[in-house]
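You will see two complexes here that share chain A, one where it goes with chain B and one where it goes with chain C.
Now for the complex of A and B:
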């Protein structure tokens, strides 16, 4: 029984991490849009390349934030949560 | 004609250089001495060196805290080394480098924050240098402090304090009024977005650096496994040596450690500038100050008139 419980905990943590990383789609699309528009702008005005590039990098970094939230949650679920949850289970069972 | 350096400058040079390099070396030595023996590649957090007993909760002193303090000392050494032996006409490469850094940072601050905030140039330079060197320190093999949540959270809280200070400059009432700004119902949203500022700054920087180290570690481990599967049939040491691990991790490290580290430092500094200068309602502040001074003048005039009467 205990093995089953621990297995469910580990499996659900891995599943949760995978589901959390679905959020990676959003920043991918957003940054792709940003870079596409930046390329267009540079094509139209090649002399403003430096400004456009630095603004694009800045915007990309901000668009990345939601993806990074998901990443932090996934990393916590993989490396931190299993140990913690198994400890809670053990304490509940009195071992 | 080249001027001869005086003996004092040379001694100070050696002193500052050692101040720059010894902390990094000592971080490496500490890491080698205290790292637990592991087999293969593992992903671990920062090691706890010792804990200091505190009334509320024990304070663990971790690898990342020690490393960030050592990097601070190293940056101070670098600054002292660059500015040692300054002359009015720049002749040495060190002075040129120092002047270039100062001019660049001042131009950046002037462009992004305005003339009123020029006093922030040293702070922004410090944030940039600390963040960039902390991320780049992983190239030396020591644990990068920026991949620890606590270190970056400390910087973000510092920035949050600055933001709140500049919002409070127009008086506490207008600060509280700012929360109910478009409509009164949106107050909880405004409070959440206020708290999300340091949170997002922390997660952005720390998540990027940590993700880079996790991904490069996993790829290095996978390449080791793959080479033992593919090339394991080769005789002797040739079969045990992870040949496939050569090359690709270096390219990844170039992106994750060098490019991403410098980019995140730049973005952290840019966000600091944007938030701090955006928090300060300059026109309102100067209006308030002008009104106050007028009131003071009126009072003085009144008291003078009463005295005359």
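Now for the complex of A and C:
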């Protein structure tokens, strides 16, 4: 029974990490679109390259944060959460 | 090799400065809470360095993709993001797994560049007023 409980904990943590990383898809698409539009803008007004690059860098940094949140949550779910949850389970069972 | 754009250096320096300030602030918070030890410093140094490196590499990715066709630029940026996430994932996982790094001190600095970006409009506004 204990093995089953530990297996469920590990499985749910891995599943949660996978689901969390779905959030990593959005920033990739968003950054790609932003860069594509920036290319277009620079093509139209080459003299504004510096401004466009600077604005885009910060835009990309903001867009990327959601992905980073997801990444950190996934890593914590894989490496930290299982040990903590198993410890809680053991304590609850008095072992 | 293509020359690195001045904008990328400038913005990376700005982000690095903010990461440094926020790192000092974080160390101070750990000190005040009496939780400070060398693992906090090591964890902070590790991730702060890679957070700035991530921003710089993103700048290089942007520079490389700006000269390309729209479709090619899109895929290049996605590829750049994937590699950078892989790099960060390895670094954060190492920081969490190795006992010589404090977990919180490893995780928090990853988000410092975002804070730097949040404060950017304030300085832009100030510069605009001065001009």
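As a working rule, the second predicted complex is superposed on the first by the 95 of 95 C-alpha atoms of A that agree within 3 Å, B and C clash if a C-alpha of one lies under 4 Å from a C-alpha of the other, contacts with A are read in each partner's own complex, and residues count from 1 in each chain.
Keep this in mind: a residue touches a chain if its C-beta (ideal position, glycine included) is under 8 Å from a C-beta of that chain, and two chains touch if they have at least 3 such contacts.
Only a predicted model underlies this, so the values are computations on that prediction, with no experimental measurement involved.
Colleague: Evaluate whether chain B and chain C can sit on chain A together after superposition, giving fit or clash.
Modeller: clash
Colleague: Based on the superposed arrangement, let me know which partner A:38 touches: chain B (first), chain C (second), both, or neither?
Modeller: Only chain C; A:38 stays clear of chain B.
Colleague: I want to verify the contact counts: of chain B and chain C, which reaches more residues of chain A?
Modeller: C
Colleague: Looking at A:64 after the superposition, I want to know if it touches chain B, chain C, both of them or none. Which is it: first, second, both, neither?
Modeller: both
Colleague: Quick check on the superposed pair: does A:56 touch chain B, chain C, both, or neither? Answer first, second, both or neither.
Modeller: After superposing on A, A:56 lies in contact with chain C but is clear of chain B.
Colleague: So, does A:11 touch the first partner chain B, the second partner chain C, both, or neither?
Modeller: Touch status of A:11: no partner.
Colleague: Go through the superposed model and pick first if A:28 touches only chain B, second if only chain C, both, or neither.
Modeller: second
Colleague: Once the structures are superposed on A, label A:72 by its partner contacts, choosing first (chain B), second (chain C), both or neither.
Modeller: A:72 contacts both chain B and chain C.
Colleague: Taking 24-32, 42-50, 78-86 or 186-194 from chain B, which overlaps chain C after aligning chain A?
Modeller: Between chain B and chain C, the clashing stretch is 42-50.
Colleague: Touching chain B and also chain C: which chain A residues?
Modeller: Touching chain B and chain C on chain A: residues 57-58, 61-62, 64-65, 68-69, 71-72, 75, 79.
Colleague: Mind pulling up the chain A residues that touch chain C in the complex?
Modeller: 24, 27-29, 31-36, 38-40, 42, 49-50, 52-54, 56-58, 60-62, 64-65, 67-69, 71-72, 75-76, 78-80
Colleague: Quick one: which bits of chain C touch chain A in the complex? Just the residue numbers, please.
Modeller: 5-8, 10-11, 15, 55, 58-59, 62-63, 65-66, 68-71, 73-78, 81-82, 85, 88-89, 92-93, 96-97, 103, 107, 110-111, 113-114, 117, 120
Colleague: Would you pull the chain A residues touching chain B in the complex into a rising list?
Modeller: Answer in residue numbers: 57-58, 61-62, 64-65, 68-69, 71-72, 75, 79.
Colleague: Tell me, which parts of chain B touch chain A in their complex?
Modeller: Chain B reaches chain A through residues 43, 45, 200, 203-204, 206-208, 210-211, 214, 263-264, 266-267, 270.
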